[in-house]
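Take a look at the structures listed below.
Each of the next two complexes has chain A plus one more chain, namely chain B in the first and chain C in the second.
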Partner chain A sequence: MTSLPQGAGKKLGLVIDLDICVGCHACAVACKSWNSIGAAAPLSDTTPYGPEASGVWLNRVHTYEVEDGQGGFTLHFPRSCLHCDNAPCVTVCPTGASYKRARDGIVLVDEDLCIGCGLCAWACPYGARELDDATGVMKKCTLCADRIDNGDFDEADRVPACVRTCPTSARHFGDLGDPESEVSKLVADRGGAAPMPESGAGPVNRYLPPRARHAGPAPMAVGADAGQPSGFLDWLDRVLSD
Partner chain B sequence: MSDESRRFERRIAEMPPVADEIVSTTCYMCACRCGIRVHKKDGEPVYIDGDADHPVNRGVLCAKGAAGLMNHRSPARLTAPMRRVGRRGENRFEAISWDEALDLAVSWLKPIRDEDPKKLAMFTGRDQSQAFTGWWAAQFGTPNYAAHGGFCSVNMAAAGLYTTGGSFWEFGEPDWERTEYLVLFGVAEDHASNPLKIGLGLLKSRGVKVLSVNPVRTGYSAIADEWLAITPGADGLFVMALCHELLRTGRVDLDYLIRYTNAPQLVIQAPGEADDGLLARDEAGAPLVWDRKRRTPVAFDEPAAAPAMKGEAILPDGRRAVPAFELIARRCLEDRYSPDNVADRTGIGADDIRRIAAELAQAAFEREVAVEQPWTDSWGRRHDRTVGRPVSMHAMRGVSAHSNGFHTCRAIHILQILLGSVDTPGGHRYRPPYPRHIPCPAKPTGKPDQIVACQAMPGLPLGFPGGPEDLLVEPDGTPVRIDKAYSWEAPLAIHGMMHAVIANAWKGDPYRIDTLFMFMSNMAWNSAMNTTGTAAMLTDVDPATGDHRIPHIIYADAYQSEMVAFADLVLPDTTYLERWDCISLLDRPIGDPDAPADAIRRPVATPGRDVRPFQDVLLDLGHRLEFPALCAAEGGPRYPGGYADYIVNHLRKPAVGSLAGWRGADGGDHGKGEVNPNQLEAYIANGCHWRRELGEEHRFYKFANAGYLAEAVGLGLIDRDTPITLQIYSEELQKFRLAARGHGVHRPPERDRGRVETYCDPLPFWYPPFEPARGEFPLHAITQRPMAMYHAWGSQNAWLRQIHGHNRLYIGRPVAEREGLEDGDWAEVESRHGRIKARVAVTDGVNPDTVWTWNAIGKRSGAWALSPDAVEATHGFLLNHLIDDLLPVREDGYRYSNSDPVTGQAAWYDLTVRVRRAERQSAPSEPRLETLEAGAPVVGTVR
Partner chain C sequence: MRPAVSLVLFTSLSGAGLGALVWLGALHALGLPPRDTPFVVTSTVLALALVVAGLLASTFHLRHPERAWRALSQWRSSWLSREGVMAMITFAPALAFLGGSIVAGPGGGVLAPAGLAMVLCAVGTMICTAMIYRSLWTVPQWSNVWTVPCFLAIGLAGGALLVCAAASLGGAPVPGGLLVVALLAPPCAAAVKACAWAHAEHPAGSDLATALGMGDRLRGGRMLEAPNSSENYLQREMIFHIGRKHARKLRRSALVVGVAAPMALLAAGALAGGVAGAALTVLAAGCGLAGTLIERWLFFAEAKHKVALYYGAERV
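Coming up: the complex of A and B.
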């Protein structure tokens, strides 16, 4: 049993705009790529050229068809750790490997303490953790903790790899504990929400719901009318006569 | 335990730099050509991300680009030149030296060049150096050259270039900042992948309506405000109905039409005569309009004219003529294009069509946008501000890959023109070097007298015919080119017809060739129609001679693709991180509406294998073949430094070379200038790209913007600064039609007459795709590329195959219910041509008469250094096996290519099928071609 830090100050997290996520997987691959060389490396691949390749990913994009009674829509849903306030993956950890950083709320795994028991993955209501078979330890989104404070990087690059790469700018990073931050304002403006709030885990990340879509019929402004070529050509005469 | 005392925190805090060097270059994982940063550690690339300073992608990078490292490290990389030792197609090779390989190539190519250069067919696939490879083919002396455009989107390019002097994708883009309405037609999630995604994100954030007209609701269609599940091949009908509505309601931009298009130009009405349907012109050749005030014909470009847009004019010589606008209006207003009459075929309700037309009109005319920027048009008129119609459109392969694609694409451009939105603020903007004059001045080369043994051709193989006299045909009308491009069968085949080469060469129609030389195109697999048949043609032996019907096949590729097995000689290429390339304005530009741009790719890793960049190999081969242009006067090769040397030192015309940036001895010239020996260093210092902003006054109405046209001439983008008139009426097409009616000295053979007359219509029209969905095969079947695997080259990737390891056939719920199919069932899919077995997924996001799948996920067992039982081979599949490369037999026994009759564009999406539950409900997918032997030397293999 591992304890959670007290007192919520900074809460770093992601805000993901489901209105403009096209499901391109750029975030997932950028994550895989960075975390293959960053502090969480390696993210192993099992038989990468074998019958069926599988590997560890800290972010996966799922596509759903949603029935809404109005013809339905297709929803792309990137899934990764939500860095919960009451992270059940932390409190369930028998060795203290899983922890939530006091200074910014990022949930991490101290791999040296991880015994790969998998309890945390079982406890996570969001399925956001994956066990690396090759190293026997649990892997999860680090919010690119190794980028955001990385002195080797330019300021612009000190964001999670998924945010930096997202082609539609559907992903935002910031302090959700600060109501004046850009991400908090975005959440307020757009009605951002956490999935399954009933889990009690207190997710920090937010998803922005699809906006109301333009659809309603526009008034039909008729200029020429006539229905027939002759009518149209008569209209031309009128317009060009001045 | 405090956080700080944790080992993981220390690991982060003490993490050494992941890279000791970050270098810029250009991505080649798809056709987007984004700027990338390659992070290197100990000399090896370890990480790739987007270059924030690059104009194409501004830092973002797609999944494929981010996974480039795994292509660079692929075990399927070829390791050495190889000569076939087994049967052709068996995949058994021996490694040979480069000297042996090039000697062997010369031993085949030299006799061809000395006798009949067109016996070399050189087709280069997804080549990003076409300005060079086409030039090389011309130096060899063969007209038989093209890249993959003919089976990609030539309908789009041809219709656009002959109508607006530009097109979509690399030719132009929506004015993302200002547009108020975007229509996406049938866009697969591909071309201009990152710029489109960047733009869509921007539009959605601005609350701009995005309408997607697409049989399939994935990707961009999923985030569109409205999705219209159009029936494949019916887009042209939908667009004509929109034009019908706009005209019927008088919602068109007459001022724009009068000033900038040929709408007011007089079209001669003389049925049966040789000038019927041509434009009336004055003695100087200027098109005439009817001045409705002076009641006399005047030259189109006379600024004071008040042109009539309707009504018959009697010319001074007594001939009758009417404004082109009346012809297009009458065409669009025909009953067959009324919303009520197109609803069934398009699958879109008449009320919806009327509503969309009203929405377009509302956005264009009631939400006019203006940039407070004065400009001067080509007639010297000063405009105080730049006003625009903020409606934009984008279309690509979806509408292009049908046998009615050319006219559909033309209809889309007509719609843009009627709305007055081409190159206005908020509309569809050209990306320089576009717009070009219509037709583009370069003609195709390869008339019979231009092909001479042992000589270079006098021009490039690909160009833009202006009429029948520019076709590449023998006096009796027989095609000169092996693919029959630029013949009466496909007069505007401006990208060639790569998909027809193998079948024609095998058949000897129009003649036998000796050597098929291909680069980077998987023509024995996902780039072929009739895939199984194509493989048989490649291996077929002529019993009369005992030789293969296609005697020699040379193939260059970096990877062990399915095509490698069919080569006699394999020239191994490098990965994209190990080579020089140039993204040239002479080729496929990467500029944006405000600035022309070009770029280089540079080696950031060394191969460590016995491989060479394909372009270096061509230069070497050309020298060995003694092309004068590749031999130095003092002996030795003209470009001893390989392709990098050529990029810098080759001049295409005086002062125009491969790269436009930092020209001149001191690097101070841009666009045009003498050679700068330090040009590549200048590019590297600028992140490997060059971008030059146009003057503030030069950014809109480029077709008639005096300042822009002058600037473009100065930069060498175009040759003259005369205005470019948008062509709602295509006089070029009418010239072909007149030939079919028996006029002129260049006339089609009897066989092709009816076809040329019908399809070379100067006005856009809609006709059903040549393979309509009805009767036995009631369902349309289409494909698209997933965004994470856009474009197929080098498509084996350890990370991406975890996302798209196999594909399913997506079927609509009604089809599933009718056929008793459930999600995950195996189904048999049949077309008039073939049968496959595939696993289905049931979806609500598809047109009810359509099935679809991801293309090029399926792989042949034994290819790509994958395990023979890789899921790509056992559960992946290709629809290609169902697509015939020929149309059904005509009454006279002839079979045309399965292509658009105007451009030769491969009609991939005309496919129709039936689907039923398979008897055997288990893997593998079918057909299952024999597993390729592990006989090609590659970096690694799991076998």
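Coming up: the complex of A and C.
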């Protein structure tokens, strides 16, 4: 049923620390790897090698050069499903393949019901859904439900693959519906924000903004002293120019 | 957005077919000519054929067309599902209308109520089709008040031309009332579409700062590195550039082919009469449909999706 469930209070999601993320893409690779061997059909690569390599990824890391009035900085932004409260991708689904799991709010796709119309990908403001060319069904982040649900796993492994693998611990997983959870406290402490809040989709995941930097010496502009040489080099320059 | 041929055909053909059903039902409910059985059969069959062709075209958009029947299940939340359900429902009064006309002739008692039900169902289906696009917040060119009026006005204009074409096939001149409707409907549709095009000029509300959730702190920025080295599904499907390059020229050709040409041909057909008149009227309907196809191609091709912000678009 593609109507949204009445909230059970539990909202599993990710908190991603943009201050720590170094843009190494390990989360994206771990995601691709885990979700290609799990319960669902693999994430296919239509052209895995060569200049036109293309395939499905559920997590993609963008890198931006950002101007903040303090000299600017580089921002790495891992982009994946935010498991929205009012998930527009779920309500547009004509078949009931897309659904939001009532007990913890994870947004999932039943691949046996998906007709591959692509409307859910259009409805998502965050580009979180990609149609798999090989199987013709929609793929998206499952928060690694097959890890979380698996009681045979060690407790440390019952988290999404991206969180388990992040070498800088920039990714956190937990219940954002519980104000006392570790992730909720992190969001409260650091002013965690939702991307494109104007979408009205009510994203559950939060991004912790880069910390304000201490005022320091103005960054040296590259190439500032690359004009006319002085001293010995000036003499050499004049001699060689003659 | 990538203008998929299947969707361009689906919305154009079904829209015109449904528009024709609306005029047919309205003519009968109001007791206006033409009401003879050959006309009703020709025009209703033509309209339903277009609706069916459109629906069949839409299934080519599906990667699993064998599961298409499942799309009728989620009408409580999904406009796409509602569209499918309404299209199916519309066949009931339309077939009753067709059957009634064959069995009972033009004066049959079932025709007026069936016609009226057909009008309501066809309008409802057209609204559902438009709402599939209207309800997508992610595409500002679609999620505004003009999408539904555009689909209705363009479908009705195409439908009026089709009904004229069907009427002219009988050999008799197209009745004056119907001719006036068919002459006025295309420019009215063009006026509504012009409002939509004007609305699309408004600056949209999202930029990189809001997309990243950085609000006022981010004063500017640009993409340094994309996540992928060559185009992915999102870019192919939702970040389509070709349409915007030739948009002005294509808009003009949509107006010439879809509005000016049918009006001129229809007027010429009415003056010429006979076989030549019928040929010109049929050509007018063909032009109307061709204009709709250009307009609908642009409807997709010009639309920008907000996900483009993450791939370097400045404002969507």
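Note that in this section the second predicted complex is superposed on the first by the 210 of 242 C-alpha atoms of A that agree within 3 Å, B and C clash if a C-alpha of one lies under 4 Å from a C-alpha of the other, contacts with A are read in each partner's own complex, and residues count from 1 in each chain.
Convention: a residue touches a chain if its C-beta (ideal position, glycine included) is under 8 Å from a C-beta of that chain, and two chains touch if they have at least 3 such contacts.
Keep in mind it's a predicted model, so treat the numbers as computed, not measured.
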Return first, second, both or neither, reflecting whether A:A28 touches chain B, chain C, both chains, or no partner chain.
both
Who does A:G38 touch here: chain B (first), chain C (second), both, or neither?
first
Between chain B (first) and chain C (second), which does A:D149 come into contact with in this model arrangement: first, second, both, or neither?
first
For A:V109, is the partner it touches chain B (first), chain C (second), both, or none of the two (neither)?
first
Contact breadth on chain A, by residue count: chain C or chain B
B
Looking at A:P51, would you say it contacts chain B, chain C, both, or neither? Reply first, second, both or neither.
both
Check whether A:E65 is in contact with chain B, with chain C, with both or with neither, and answer first, second, both or neither.
both
Determine, under the contact definition given at the top, whether A:G96 touches first (chain B), second (chain C), both, or neither.
both
Just chain B (first), just chain C (second), both, or neither: which does A:R213 touch?
first
For A:I20, select first, second, both or neither according to whether it touches chain B, chain C, the two together, or no partner.
first
Residue overlap on chain A between the chain B contact set and the chain C contact set?
23, 25, 28, 51-55, 57, 63, 65, 67, 74-75, 96, 113
Enumerate the contact residues on chain C facing chain A in the complex.
1, 61-65, 67-68, 70-74, 76-81, 84, 132, 135-139, 205-206, 208, 210-215, 217-234, 237-238, 305-307, 309-311
Parts of chain A lying in touch with chain B, wherever the complex brings them together:
19-26, 28-30, 32-34, 36-39, 45, 47-55, 57, 63, 65, 67, 72-76, 96, 99, 101-103, 108-113, 145-146, 149-150, 152, 156, 161, 164-170, 210-211, 213-215, 217-229, 231-233, 235-237, 239-240
Going by the contact rule set out above, which residues of chain A touch chain C in the complex?
1-4, 23, 25, 28, 51-57, 60-69, 74-75, 77, 79, 88, 90-97, 113-119, 121-127, 130-131, 133, 136-137, 193-200, 207, 209
Can you list the residues on chain B that touch chain A in the complex?
1, 3, 6-9, 11-12, 15, 17-18, 39, 41, 46-50, 52, 57, 59-67, 69, 75, 189, 193-194, 197-198, 200-202, 204-205, 207, 209, 217-223, 225-226, 247-251, 254, 292, 306, 308-311, 326, 329-330, 333, 351, 354-355, 358-359, 361-362, 366, 787-788, 796, 798-803, 805, 843-845, 865-867, 869-871, 874, 940, 942
